[in-house]
Every structure is written in C-alpha cells, then in structure tokens.
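Listed after this line are the structures, all set down as structure tokens.
Across the two complexes that follow, subunit A remains constant while its partner is subunit B and subsequently subunit C.
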Partner chain A sequence: MAEKTIGRDIVPPDLVAKITGRARYAEDFRAEGMVFAKMLLSPMPHARVRRIDASEALRMEGVLGVLTAEDVPEVSTPSEPILTMEPVYEGEPILAVAAVDEATAAEAVERIVVDLEPLPFALDPLLSLRPDGPDARLEGNIYHIDDDVREMRTHKWAAADFDGAPEGRLPMGEPAFDWSIGDVAAGLEQADGIVEETLIHQSLTHHPMEPRSCMAYWQNGKLHVHVSTQSAARCRASLAGMLDMDMEDLVVVAEFCGGGFGSKITAHPTMAMTALLSQKVGRPVMLRVTRYEENYIGRARPGFQAWAKMGFRSDGRMTGLDLYIVQDQGPYGRSGDAFTAATVASLTYQPEHMRFRGVSVFTNTPPRSAQRAPGGAQIIGMLEPLVDKAARELGMDRVAIRRLNAPASDGWVGPNKGSLTSAYPKEALDKAAEIFGWEERIARSGQTNGTRVTGIGVGLSPFVGGSTGFDGLLVIRPDGKLYVHQGIGNLGTHSIADTARAASDLLDLAWEDVVVVWGDSARHQPWSSVQAGSQTIHAHTRANHAAATQAKRKLQEIAARDLGGSPNAYEVGDGRIFQRSNPGRGMTLARAAERAIELGGAYDGHELDEDLHAMTRASATALAGTGLVSAAKDTYPHDGSTWSWVVGMAEVAIDTETGALEIMEFTGVADCGTVVHPRSLAAQIHGGCIQGFGIARSQKWVYDPKWGVPFAKRFYTARPPGILDVPLSPRWGALDIPDPQTPVGARGIGEPPVGAGSAAITSAVADALGGECLCRTPLTTDVILAAIEGTEKPYRPLETHV
Partner chain B sequence: MAMMRDMIPGFELFQPADIDDAVELLDRHGSDAWVLAGGLDSFDWFKDRIKRPKAVIELGAIGELTGIRETDDGGLEIGAMTSLADVAAHPAIRERFGLLADAAGLVATPQIRNQGTLGGNLCQDTRCWYYRSGWPCYRAGGNTCYAAAPQAMNREHCVLGASRCVAVNPADTAPAVVALDAKMVIRSRGGERVVDADDFFIGPAIDITRMTVLEPGDLLTSVRIPADWANATFYFEKVRDRVAWDFALVSVASALKVEGGTIRDVRLAVNGVAPYPMRLDMVEQAVVGQRQSEEVAANAGIMAIQRARPLRHNDYKVPLMRNLVRRALRETA
Partner chain C sequence: MDDVEIILDAGPKTYSRRTFIKGVIAAGAAVSASGYLFRGPGLLSARPTAQGSVERLITLSVNGQQRRVDVLPHETLAMTLRYKLGLTGTKLGCDRAECGACTVLIDGVNHYSCSMLTHQVRGRQITTIEGLAAADGTLHPVQQAVVDEGGFQCAFCAPGFVMSMAAMVATNPDPTREEAAHALSGNLCRCGDYNKILNCAMRAAELSRTTA
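Then we have the complex of A and B:
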C-alpha cells in the first residue's frame, strides 16, 4: 500500500518554481504588442470631477488612450466603481492611461488636467456621527439594510451622546444594528465583578508582498487576464460578472499569488480596468501596481471604536457581555467585521447573556475588505486584556478563566445560538500552557531585570474554518496518474496540494503519481470555494474526497465488468484495482483509465451527475474522453458551523525607560482538526501570529485630519512587523483531533492565528504594565512610554489614524 | 496636481571615475545636479517625482571615495562611499571607535546597510512626511510648516531646535560622528575644506532648505575620526518602533573618559529631537569633573530636556530623551 500523505510533509508542486524564481506572477507575463497603464489617483479625500482634459496627454507620442469613468460599467451606491468621477478617498483611481512604456504613461498622467471640486470629508466615524459632523458620501454616512429597505442614510447622534467623549468614553447613540441573547442587564446584575473599557482598534492595509498587478488582452472576442488573486475559479466568475460577460469567454491565469490576506479574494476593479483599457486601445495592457498604489487600492481591515462591559461570577464564569462597535467602513460596501466580531466574542466566552450594538460609518479612507480573521482578530485582540483584568480582580489564573468560559463541542455561536461541529479550545489551552510553560513563566509576570519588566500574555482566538457543497474534479489518465483539477487559488498556503491528498489517499496513490492541475482556467476547473475565510482545507478535502469516492466506484465497476465478481469485491492499492480475496486478479489504474475511455458514458466524463455546478460541468465535459473522469459534489452531511482555534502565549519585555517592546517567547497551538501538512500548518500559525504582532504593536495608518490625507503609505511608514520583531524560535503545536463532521477531519487554519498573536501581545503588554489595559492598538513605543511616564498621551481620546 | 509616484522621471546620468571629475560635473551643473551615493534617499525622491534633477552624478565608480584607512595622528579616515555594513564591521572602527560601528550597524536593515553609504547616511534629507509627500512647506520653498499646525501628525517631529520647520534629522550615524569630534572633508572646485561634524549639520535657522552645510558644487569625500576619542567609553542607543527598517524616534551617542570614577571628558549627542543632531554641550560641561553616578546621570537627563517644547503628538520624546541621556551617562559606568 502507498504511504498515506495526510499528516506528513510533502513537497508542494509549486515549490521549485517559487524558490528558483521560475514562477511567473501576473506582472511577469508579456504579450505581443503589450503596452503599459498608469492610473491617475485622486489627490483629495472627497471631490467631484468637474472636467477632465486629456488632450495634451493624448497628443504625446506613445500614448494610446485614456480610460475614464465614462468607459466603465456603472454601479449603484455604495458599491465600488472601477473608475470614478466622485473620488471618495485620496488615492482612488479617476482614470487610466495606456502608453508604450510606463515612463510615458506616467508623464501623460501628469499632463492630464482634472478639475476637482473639493467636497466635505470624514475620516473618523465618531466625528461623522456628531450632530453637525461631515458625511463621507453625498448620499449619507451609513448604508441601511433591513428586511425591506437597502438605502444610504444619514445617521447622527445627539450632542449629549458625546458627553463622555473628552474623557475617552465611547459615545453610544442610536445603533444601526443590534442583537441580544437573554437579558444583558440581568446578566451584568448577577455578576460579582465587572470590567468595562472603551477600546480603539486601528484600520490597516493588507499589504501582501505582491501588489495587484494585472495584464489583459483580447483575442477573437475572448478576454485573457493574468492576475494576482486568492481564488482562481471564483475570480473568473466574479470578473465575468463585473464585465457583464459570459464566463466561457474569459481565461484567467492565476497560477501564483504573492499573498492576499483577504484583499484579493475574487476579482478586483483593477482587473476590469485593465481589461477595458486593453479593449479600448486594442492592445494587451499591463498594469503594474506599485506599493504606493497598493496602499490606496489594496484594501484594509476596518478599524473599531468600541466599548465592552463584561460581568463575571466569582468562579470566573461570564454572566454578561455588552458590546458596542463603531466600525470604520471606508467609502464603499458593507463590511461584516463588526458582526463577525460579536459572533466571535459570543463563541469565545459563551456569555450567559449578551447584547451587541453597532453602527458602520462611511469614511473617506481606502476601501475595506476582509482581512485575515475579519472582525475576529480585532475583537480578540481588544477583549482578551479585559478578561485578564477580570481574572486579576477575581484572583483567578488567566488561562483558567479562558478555559472555564470557552466552549466544548456542545457550545454555541452567534445570535441564533448555532451549534458547532466540534471545538476543543480547552484542550488547546492546556497544550499551549504545557508547551509554553505557563506555570513557570507566569511567575515572572511583572518581574524586572534592570529597566526591563516582563509581561506574560495569552490570547484565545477562533475563526470559521470551513464551508461545504463544492465540486471535485479528477481524471485518472492512461499514464496511470491522478490529475486533480483545482479551482481554488494558489495563495501560498499549499491548499492546491493539501486538499488533493484527500483524493490520492483514498485511491491509495503515491504522491509522485498525483498531478495537481491549477491556476489556469483554460485547464478546466471545478466550481470551488473562495480561497478565503479559511474554507479550502475543509471544503476541498470534502470535494476531492467525494470525487475520489466516485472514481473508486467507477474503478470497481470497470474491474468487475472485465474480471468478474461484484464491484465491492475490488480494492484500490499501489496503482491497481484488484480483488480483495485474490490480489493477483486486477488491473493497473492506467489500464482502467484506458477501459474508461473505451466504455465512455459516465466512466470517461460523457455523462455527469445532475447536481454539479455549471462550471464543473463545462470543465468535466472538456475533459471527457481523456481518462476515467470523476466529478462530484460534496454532499456529505454537516450539521452546525465549523470553527478552528489558536491559542497564543507570549512573554514580552518592556523597557520602562524607552517603551521599547521585545517579544521574548511565543507559542501558538491550534485546534484545527486533523493535521494534514505539519510544516505548512506551522507556517500558518507562525505567519498569522506575526501578522497579529503587527496589529498589536506597530502597523497603522496616519491621517492628517485637516487635509484628509494619509502618510503611512509605504512599508517603512506603515510598519508591518519584520522578522527581527519576532522571537527567534517560536513554538507551535496542534491537537490533531479530527472534526467528526468532515471525512478527512481537517478544519481551516488561515485566520485564527492573527487574533491569537495580537491578543497574546496586548495581554502581555497589559500584564507588564501591572494590569493596566491601554485598550488601543497599535501599542507603539510612544504609547507604552507615555503610559509608563504618565506624560500626555501621543493620541487624543478615541482618536484614530494617529 | 496628479499624484504620480513610483516612477522615476528621466535624467542625465554621469558616472565620474575620480573626485576631480565629479567636482567638475557638480560645478558645471550647479543646482541642477544631484549627488547619488547608495540611493536609499535619492531614489525615494526620484520615484516620487518630487525632486527632478537634470543631472545625476553617481559616485559608485570613484574608488578613492571608498575605504577606511589609518591617519598619521592615529585616527581613521573613512571614504564617504564606504558602505554602512563595512563601517559597522571594520575591525579598527569596532575596536577603537565602536560608537560609530554601533550606530552604522543599527541603520535600517542588513540590505540597506549593504547598499547605503556613510556619506549618504550623513547627508540624507529629513523624513518629515509632509515634506516627503511633496507639500509646499518652508523646507520645500513654501511659506508654512504643515507639521507644526494644530492638528498635524507630528509624532516623529522635533522637540528642540525648531525654527519654522519642525522636521528632524534622521541619520543614525550623525550623533556618533558628532560625539567623536569627526571632521567632514568637503571638496569643490574651490578646493578642499574641512568642517567639524558639529558644524556640518545645520538647522532651519541657518538654512531651512538644507540639512548640512553642503551647497551645490560641494561633495563630501570622507569623514576623519581623530584619535582623541579612541577607546573611550561609548554608548549608542536607538529607540524605534520596529527592530529593523525604522528610523530612530530618539537616539543618543556618548563618548566618555572616566578616570577613577570621575568624568574627565565627555561628548554627548542626541538625534531625532531636533532638525540636526544635537550636541548637548551644556550637559557635557555640567558633568565633566563629576563622579559618575546615578544622580549625575539623572540630573543630566533633566538638564537635557529643559528647553524641550513638544508638539501635539510627541510629548513622549521629552522623557525618552531624558532617559536616554541618563542611560548614556549611567550605563557606561
């Protein structure tokens, strides 16, 4: 029998290309006659374009054309247009120029006269909520959604709501949305201890290493695009929608992606912009997005200005959680972060009573989208130091109080108290405490060595870990190899390989006999989940398991037909299908593939299941006749929602004379079901936690409130963490307890580490400061030092983007 | 109007092979010329299309600008084009003038230290983000300072030495060369002149558009470190938000000669607090002759910040500077 691949390290099929530089990312492609594009970005946070005069630019040698808002499909407010005549943030693309080279395109952009009428702008949601505050949009400052109505509205609070603001207390006027479980007032009434804080969480840009560059050309009515996207099949579907074209006329090449963190889930307006500019000038167009541009158009995590009140019984059980979140929505759309934050809080602490209120306010800052653990990372990083505070007041161990409140598999989540597929955060806390050495380290809490004081922190962070119902598509070809067609993206997480193992293990194939087909929509992709929300390992081990089960059935039928006996008497192993009772009687998979082609019908893909998605159907039909074709939808039972967990534990040292923060030790432990790929899992835990370190300690935006323009626009000013900001040898672990409601047992892991990393640091910093929660991120050197020295803080109460 | 960034406009590139040719080119092109060393500062300006020199004089081919040699008086002379990595690693610098090695070794990142030069680090422009974003401020030839406005974002800006402009000098090596009494060797068509490091860096009160005394036509060719402070007790510390790729919020450099517990001589310079690396000569005078102690160090710190005037967002720099001065005098004990 072939060695099972699940649970061991393998060499992913994209590895050699990546480390040798042979991998071609979007901006590495060239097409005959290709020209370059540059965008003209709005210099104002909110303005109306009264006039565009591109005549001088168009007269320049080498300039081929200009694409403006007139040339792109209209969208309805508050959706984001491809180009705009009413820019709603500094850096929003107004037009794009195509020229023979970038230098010419850049000069052409500078020669275009754009007559802008400045409009009122809002950077801070709380200022916009004031009675006389500015609205970010001409149509209002919130997007109201209820059962009957979806519309832009102006949402203002009374002046009296802001009475506590000068002291830093969150104003809490009329919310735009809310939900409750039980009676939070009663819950807090029953509490023996109460903690209550206003909490500020920054907005921050995703900043993947690869900006969203794009190359597009048209041939015979077909659009070919080379893009940087997280999700191959779903990017194709969404770009077709954005351009209102038939998906069949769209070839999307997305073999490699230099990171996305949720900013490249599906199609992005720049893809459509490049395609339309190419169409307009009749030439292939390359748009190389720069770091500076990525800062503006590359999406960002919504910031929160929040307030939480928690009640605990003397035994540590949370009786009530009252949560209010003012979400910075940016200028477009409607982010789910605040809702997810409340859901995550409900799951993590299982409060006996809970109330969530919130409002999501438009601002003239870059567009928001999901960023790795959207909502979850923010709320866990913010709330965990409050749990610490309660533990201190109750004289409880900080791990113990989390363990007490965390759910087991019979726990619940969200306003409808939905059930869980399984959950082992208590066990994860135990394992993390063991690896980290919590008992020994906690003794060092608050100890000083010279001018350095030690802090010990812990964060418990869940996030959704899987979806269901997608398709798997496999071919066993006459070469005896298994071709796993993947419609998910290649985001760098090894999902393209790791989800294929569900099929290869079931068919008992050596990993060397598996060919992963990915990245190019012309190579036939099944309908797939987005490569986001930590969905893929769950969704596509299921889908590939379903397809492999179907393939095995077909192999059994072919063998029984040719060699006699019942199909069930046959087993697969070592590249053969053979009789279980007489292993010598069988045939190779290569031969079975030939037979499948000869037999046709369902065996080689000419007949397909009725429940397949149209995309899968088209792909399987294109592959029909090439071997034993198996296309199946994941219809495995699944009851409840699937969540993964990471526990982060950190030891930090703060220099009390400088405010400098050093992370001395870190341990991350995951409850993510079956461990499929240990090395990749370690990379996810560490990478996500490091992203969380950036949230907790350094990464941010800075806006001048008078002019409405940002300054932290590049890596060194935005300050994502560097490798030297990370302890040398962070440790990790995983429970490896299979989730019972999915065949391979694996749940997603991309997202929960971020909150664990962030919370471990915010918790440790508060610990080092003797339990004082600064209750805002990032905890930069100046913020920490000002707290220690008691000098005026480097921010004003409730202030954001500082 | 348009914000076109990250695209370097065209310029004429000159790559002279010796200092004479470089100086000749600088003279010929005057204020249209730009001296390009490692490029870490220059390319940011070029990419942002804010500085658009017609002639760029690139120094990489001038061998005599690179290298570290002993001088007759027992000091060292460091070519301006010597990489920061070489300065940080050089045995003689590490052994006798470790202050400079420490400062150079804390610049930005290993990659930037390989590419960046000592001369470039010392001559670099301020990182005030209003100015670097192309705003028409005093330093850019305009008539206001945006960073000093009531609502401005000035966490990184100065608490001392402001004169209309509140930007700070960002160079990590600058306080080190000031504390070592280094001499800056400058060539121009008029010949060579040597300027004390402490006089090399200028504030806006002297010229609001420049960070150093260098004028069009001038070329910094080397930095001479006299023997005076060889093997003194040094202290360098840079406080920043990230361990790599960050400018100092505040940095301190000190050189002490201590005999029998008494401070016989001292140099003390702080950067990140003023538009120029600030030598704290009053503090120096106050501590010379004192026995080195926690109290003397603490008082020195308090004295150092007496005239500090924080802006809206940088109050923290005052205690940070105080504490760093204290550490510079204390921890060397």
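Then we have the complex of A and C:
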C-alpha cells in the first residue's frame, strides 16, 4: 500500500518554481505588442468630475488611448464602479491611459486636465451620524437592507444621543440593525461583576506583498487575463459578470498569487479596467500597480467604534453580553464584519443573554473587504482584555474563565443559536497552556526587570472553517497518474496540493503519481469555493473525496467487466485495481485508463452526472476521452456550522521608559480537525497570528481631517511586522481531532489565528499595565507610553485614523 | 454623467523637443518618481539625451553572462532586469526600498535592485534568483534548504529572502537564529512565515557548511 499523505509534510508542487524565479505572477507575463497603463487617481476624498480634457495627452508621442467611466459598465450604488465620475475616496481611479511605456503613460496622466468640484466628505462614522454631520455619499450614509427594501438612506442620531453619552463613552443612538438572545438587561442584572468599555479598532490595508497588477489581451474574441487572485475559478466567474461576457470567452491565468488575505477573493475592478483598455486600444495592456496605488485600491479591514458590557456570575460564567458596533464601511458595498463580530462573540463566550446593535456608516476612505477573519479578528482582539478584567475582579485564572465560557461540541452560535459540527476550544486552551507553560509564566506577570515589565496574554479566537457543495474533477490518464484539476487558488496555503490528498489517499496512490493541475482556466477547472474564509481544506477535501469515490467505482466496474466477478470484489492499491481475494488478478490504473477511453460513456467523461455545475460540466467535457474522467459534486451530509479555533498565548516585555513593546514568546494551538499538512498548518497559525500582531501594535491609517487626505500610505508609515518584531522560536500545536461531519475530518485554519494573535497582544499589554485596558488598536509606542506615564493621550477618546 | 465634458480628441500630433521639456517641467510628480517607472524601447529613438549624460548601450554581467542592454540614465536595476533582460524572478513589492522583494546580489552583497541605478552596477557581478542554481539545475544550498523545510507561503517575497540568505551564508555560515534574523531583516514577508524562513536560513547555513 502507498503511504497515506494526509498528516505528513510534503514538498508543495510549486515550491521549486517559486525559489528559482520560474514561478510567474501576473506582472511577469509579456505579450507581443504589450503596452502599459497608468491610472489617474482622485486627489480629493469626494468630488464630481466636471470636465476631462485629454487632448494634450493624446497628442503625445506613444499615447494610445484613454479609458474613462463612459467606457465601462455602470453599476448601481453602493457597488464599486470600474472608473468613476464621482470619486468617493482619495486615490479612486478616474481614468486610465495606455501608452507604449509606463513613463509615457504617467506623463500623459499628468497632462490630462480634470476639473473636479469638491463635495462634502466624511472620514469618521460618528461625525457622519451627528444630526448635522456630513454624508460620504450624495445618496446618504448607510445602505439599508431588510426583507422588502434595499436602498441608500441618511441615518442620523439625535443631538441628545451624543450629549447624553458620558465623556469617552460611545454614543449609542438608533441602530440600523440588531438582534437579541434572551433579555440582556436581565442577564446583566443577574451578574455579580460587570465590565464595560468603549473600544476603538482601526481600519487597515491588507497590503499583500504582490500588488494587484494585471495584464490583459484579446485574441479571436476571447479575453485573456493574467491576474493576481485568491480564487481561480470564481475570479473567472466574477470577472465575466463584471464585464457582462460569457465565461467561455474568458481565459484567466492565475497560477500564483502573491498574497491576498481577503483583498483578492474574486475579480477586482482593475482587472476589468485593464481588459477594457486593451479592447479600446487594440493592444495587450499591462497595468503595473505600485505599492502607493495598492494602498488606495487594495482593500482594507473595516474599523470599529464599539462598546461592550459584560456581566459575569461569581463562578465566571457570562450571564450577559451587550454589544454595539459602529462600523466604518468605507465608500462602497456592505461588509459583514459587524454581524460576524457579534456571531463570533456569541460563539466564544456562549452568553446566557446577548444583545447586538450596530450601524455601518459610509466614509470617504478606501474600499473595505473581508480581511482574514473579517469581524472576528476585530472583536476578539478588543473583547479578550475585557474578559481578563472580569477574571481579575472575580479572582479567577484568565485561562479558566475562557475555558468555562467556551462551547463544547453541543454549543451554539449566532442569533438563531445554530448547532456546531464539533468544537474543542476547551481542549485547545489546555494544550496551549501546557505548551506555553501558562502556570509558570503567569507568575511573572507584572514583574519588572530594570525598566522592562512583563505581561502575559491569552486570546481565544474562532472562525468559520468550511463550506460544502462544490465539485471535484479528476482524470486517471494512460500514464497511470492521477490528475487533480483544481479551481481553487494558489496564494500560499498549499490548498491546491493538500485538498488533492483526499483523492490520492482514497485511490491509494503514491504522492509522486499525483499531478495537480491549477491556475489556468484553459486547463479546465471544476466549480469551486472561493479561496477565502478558511473554506477550501473542508470544501475541497470533500469535493475531491467525492470525485475519487466515483473514480474508484469506475475502476471497480472496468476491472469486473474485464476480469470477472463483482465490482465490489476489487480494491485499489499501489497503482493497480485488483481482486481482494486474489491480488494477482487485476490491472494497472494506466491500463484501466486506456480501457475507460475504449469504453467511453461515463468512464471517459462523455456522460456526466446531472448535478454538476455548468463550469465543471464544460471542463469535464473538454477532458472527455483523455482517460478515466471523474467529476462529482460534494453531497456528503453536513448538519450545523463548521468552526475552527486558535488559542494564542504571548509573553511581552514593555519598556516603561520608552513604551517599546517586545514579544518575547508566543504559542498558537489550533482546533481545526484532522491535521492534513503539519508544516503548512504551523505556518498558517504563526503567520495568521503575526498578522494579528500587526493589527495589535503597528498598522493604521492617519488622515488629515481638514482635507480628507491620508498620510500613512506605505509600509514604513503603517508597518506590518518584520522578522525582528516577532519571537525567534514561536511554538505551536494542534488537537488533531477529526470533525465528524466531513470525510477527511479537516476544518479550515486561515482565519482564526489572526484574532488569537491580536488578542494575545492586547491582553498581554493590558496585563503588563496592571490590568488597564487601553481598549484601542494599534497599541503603538506613543499610546503605551502615555498610559504608563499618565500624560495626555495622543488621541481623543473616540478618535480614529490618528 | 451627461453634463460631464470629456475631450478625447487629440487633434493634430505635434512633437518637438521644446514641448517635451515643457511637459517634463509640468509633469511634476510623475517625473520626480520616474526612476520607478519603466521606460521601454518604444520611444528611445525619439528621446533627447541630456548633455553630459552617460552612454546608454552598456554591458552588464548578469548570472555569469555578458548582456548588452540599452539603459536610460535614471533606470533602476530592477526595471532593467525585469523588463529588458526578461529576468522576472526579481519581484517588485514596493518600488522603493521598503520590502526587499527585489533583492539581488551585487558582487555577492545583497542589494535592493529597485533602489540601484543600472548604471551603478556596470562592471560588477550581478546575481539574480535565476542565476543561483548551477547550470545543470542543481539547487544552491539555500534553495535546497527551502525545499527541505517547505519554506514560504505566497512566496512573492521568496526570491528576495533567498538572495539575502545566500549573502548571509557566504559571510556567516554558522549564524545563531538571532543573527540570521538580523541578516534577513531587510526583507518583509506579509504572510508572516518568519519561523519557517528562519528554519530555512539555519538549514541553508548547515548545508553550506557541509558542501563547502
């Protein structure tokens, strides 16, 4: 028998390409006659374009054409357009120029005269909610959705809502949405201890290492795009929608993606812009997006201005949680972060009574999208120090209070109290405490060594870990190898390889005999989940398991047909299909693939299951006749929602003279079902936690409130953690308890570590400060120092972007 | 959108040196950042060369080969490598010395190629990620170490880190983990894969000691 691949480290099939320069990302492609695009970005946070005069630019040698909002499909508010005549944030693309080289395109942009009429703008959701506050959009400041109505509205609070709020506490006027479980007032009434805080969480740009550069050309009526996207198949579907074209006429090449973290889930407007500019000038067009531009157009996590009140019984059980979130929506769309935050809080603490209220307000700042653990990372990073505060007041251990409130597999989640497939956060806390040495380290809490004081922190962070119902597509070719066609993306999680293991293990193939086919839609992809929201290891081990099950059945039928007996008498192993009772009687998979082609019909992909998605059907049909083709939809039962967990524990040292924060030790432990790829899992835990460190301590925006323009636009002004900002030897662990409701037992892991990393730091900093919760992120050196010295804070209580 | 006036009619094409220079003066931001923009060969013949400027057609020593290339005075090495020599393994993550994705070796020392002018490196030995493995395809010890340790996630930063590791093992083949972190601190990994990157660096040092 071949060695099972699930649970062991492999060399990802694309690794050597990545470290020899052969891996080609979007900006690495060239096409005959390729020209360059440069965008003209709005210099104002909100304005109306009155006039564009591109005549001088178009007279320049080498300038080929200009694309404006008149050339692109219109969208309805509050969706984001490809180009606009009403820019709603500084940096929004107004037009794009194509020229023979980039410098010429940039010069042409400078020579285009754009007459802009400034419009009122809003940077701070709370200011926009004031009775006389500005609206970010001409149509209003919120997007209202209920069962009957979807429309832009102007949502204002009464002056009394602001005047009545105590200094520094979040004003709480009429919410735009809310839900309740039980009676939160009664829950808080039953409490022996109450903690209450106003919480400020920043907005922050995703900043993947690869900016969203794009190259597009048209050939024989087909559009070919080289893009940076998280999700190959779904990017193709969404770009076709954006351009209102048939998916069959769109070839998307997305073999490598230099990071996304939620900012590149599917198609981005710049892809459509590049395609339309290419169409207009009749040449292949390269749009090289710079870091400066990425800061504007590259998506961001919504910030929160929030308030929470928690009640606990003397034994530590949470009786009530009252939560209000004002979400900074940016100028477009409708982010689910606030909703998810409330859902995550309900799951993490299982409060006996809970109320959630919120409003999501448009601002004239860069567009928001999901950022790794959207909503979850914000709320866990903010609430965990409050749980610490309660534990201190009740005289409880901080791990014990989390363990008490966290759910077991019979726990519930969200306003409808939905069930879970399985959950082991209590066990994860235990394992983390053991690896980290919680008992020994907690004894050092608050101890000083010279000018440095030690803080110990813990964060417990869940996030959704999987979806269902997608398709798998496999071919066993006459070379005896298994070709696993993947429609998911390749952004560094190794999902393309790791989800294929479900098929190779079921067919008992050596990993060397598995070929992963990914990234180029011309190589045929099945309908797939988006490569986001920690979905793929769950969704696509299921889909590939389903397809491999179908392939095995076809192999059994072919063997029985040729060699006699019942199909069920045959087993696969070591590259053969053979009779269980007489292993010598069988055939190689290579021979079976040849026989499948000879037999045709369902065996080689000419007949397909009815329930397949049209994309899978088209791909399988294109592959028909190349071998034993297996295409199947995941119809495995699944009851309840699937969540994974990460516990983060950190020891920090804060220099009381300088405010400098050093993370000395870190441990991350996951409950994410079966461990498929240990080394990659460790990397997800550590990497996600490190992104959480960036949230907790360094990344932010700074805006000039008078003009609405940003200052922190680059890495050096809003720095993600570097290699010297993190512990040299962080530790990790995983429970490796299979989820019972998915064949391989694996749940997703991308999202939960971010909140665990952020919360471990916010919790440790509060601990080092003697339990004082600063209740805002990021905890920059000046913020920490002002708290230590008791001097004037470098921010006003509810202020953001400072 | 109806009341917006859009003029996309170029009128007659006129081009002279005088209008070009006027344009340069007016162009402000674009020109001040022009070192970070790519100027292709398309307009080279039409471009005036300022007095006293350097020769444009130069020979570079890249990955052991002598490459003739037409280089503008303000052109960065990263742009020459990526857009004129076809060496796209060197990545541009930030355009200006903040991330290290464009790191290459110049006479064995790691440098940000986005922040070097190509004319600065005439006569010096340039090694890019494409030139690290042996001609027969045998991986450099650093590359082998990355394979052994399953290094990197999205790997857009990987070419830069690998070049910095190569420079590190050449000067300090027996680093502590902390020294390795310092050696690699000019490179940014947004996936936060630093633990595995340090494992790769330590393995690379080990391999380079045993193969040296």
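One rule holds in what follows: the second predicted complex is superposed on the first by the 799 of 802 C-alpha atoms of A that agree within 3 Å, B and C clash if a C-alpha of one lies under 4 Å from a C-alpha of the other, contacts with A are read in each partner's own complex, and residues count from 1 in each chain.
Basically, a contact is a pair of C-beta atoms (placed from the backbone, for glycine too) under 8 Å apart; a residue touches a chain by one contact, two chains touch by 3 or more.
Here the structure is a predicted model, which is why all the values come from computation and not from measurement.
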Subunit B versus subunit C, judged by how many residues of subunit A each one touches: C
Partner chain in contact with A:Q329 - subunit B first, subunit C second, else both or neither: neither
First (subunit B), second (subunit C), both or neither touched by A:V16: second
Partner chain(s) touched by A:L724 [first = subunit B, second = subunit C, both, neither]: both
Partner chain(s) touched by A:S360 [first = subunit B, second = subunit C, both, neither]: neither
Partner chain in contact with A:N141 - subunit B first, subunit C second, else both or neither: neither
Which superposed partner A:Y292 touches (first subunit B, second subunit C, both, neither): both
Touched partner set for A:E210, first subunit B, second subunit C, both or neither: second
Partner chain(s) touched by A:L40 [first = subunit B, second = subunit C, both, neither]: first
Touched partner set for A:S504, first subunit B, second subunit C, both or neither: neither
Residues on subunit A lying within both footprints (that of subunit B and that of subunit C): 102-103, 106-107, 109-110, 290-292, 715-716, 721-724
Interface residues, subunit B side, partner subunit A - complex: 1-10, 49, 109, 129-130, 133, 146, 149, 151-153, 155, 237, 239-247, 249, 310, 313-320, 323-324, 326-327
Residues on subunit A engaged by subunit C in the complex (per definition of touch): 9-12, 15-16, 18-25, 27-28, 30, 36, 49-55, 58-63, 66, 68-70, 85, 100-104, 106-107, 109-111, 207-211, 256-259, 261, 288, 290-292, 491-494, 679-680, 682-683, 686-691, 693, 714-716, 720-724, 726, 728-730
Residues of subunit C that touch subunit A when the two form their complex: 1, 3-15, 23-24, 26-31, 33-34, 36-40, 42-43, 46, 82, 86-96, 98-99, 101, 128-130, 132-133, 139, 143, 146-147, 149-159, 162, 177-178, 181-182, 184-185, 187-198
Subunit B-touching residues of subunit A, taken from the complex the two chains share: 38, 40-43, 91, 102-103, 106-107, 109-110, 112-114, 290-293, 657-660, 662, 697-698, 702-707, 709, 711, 715-717, 719, 721-725, 780-782, 785-786, 789, 791-795, 802
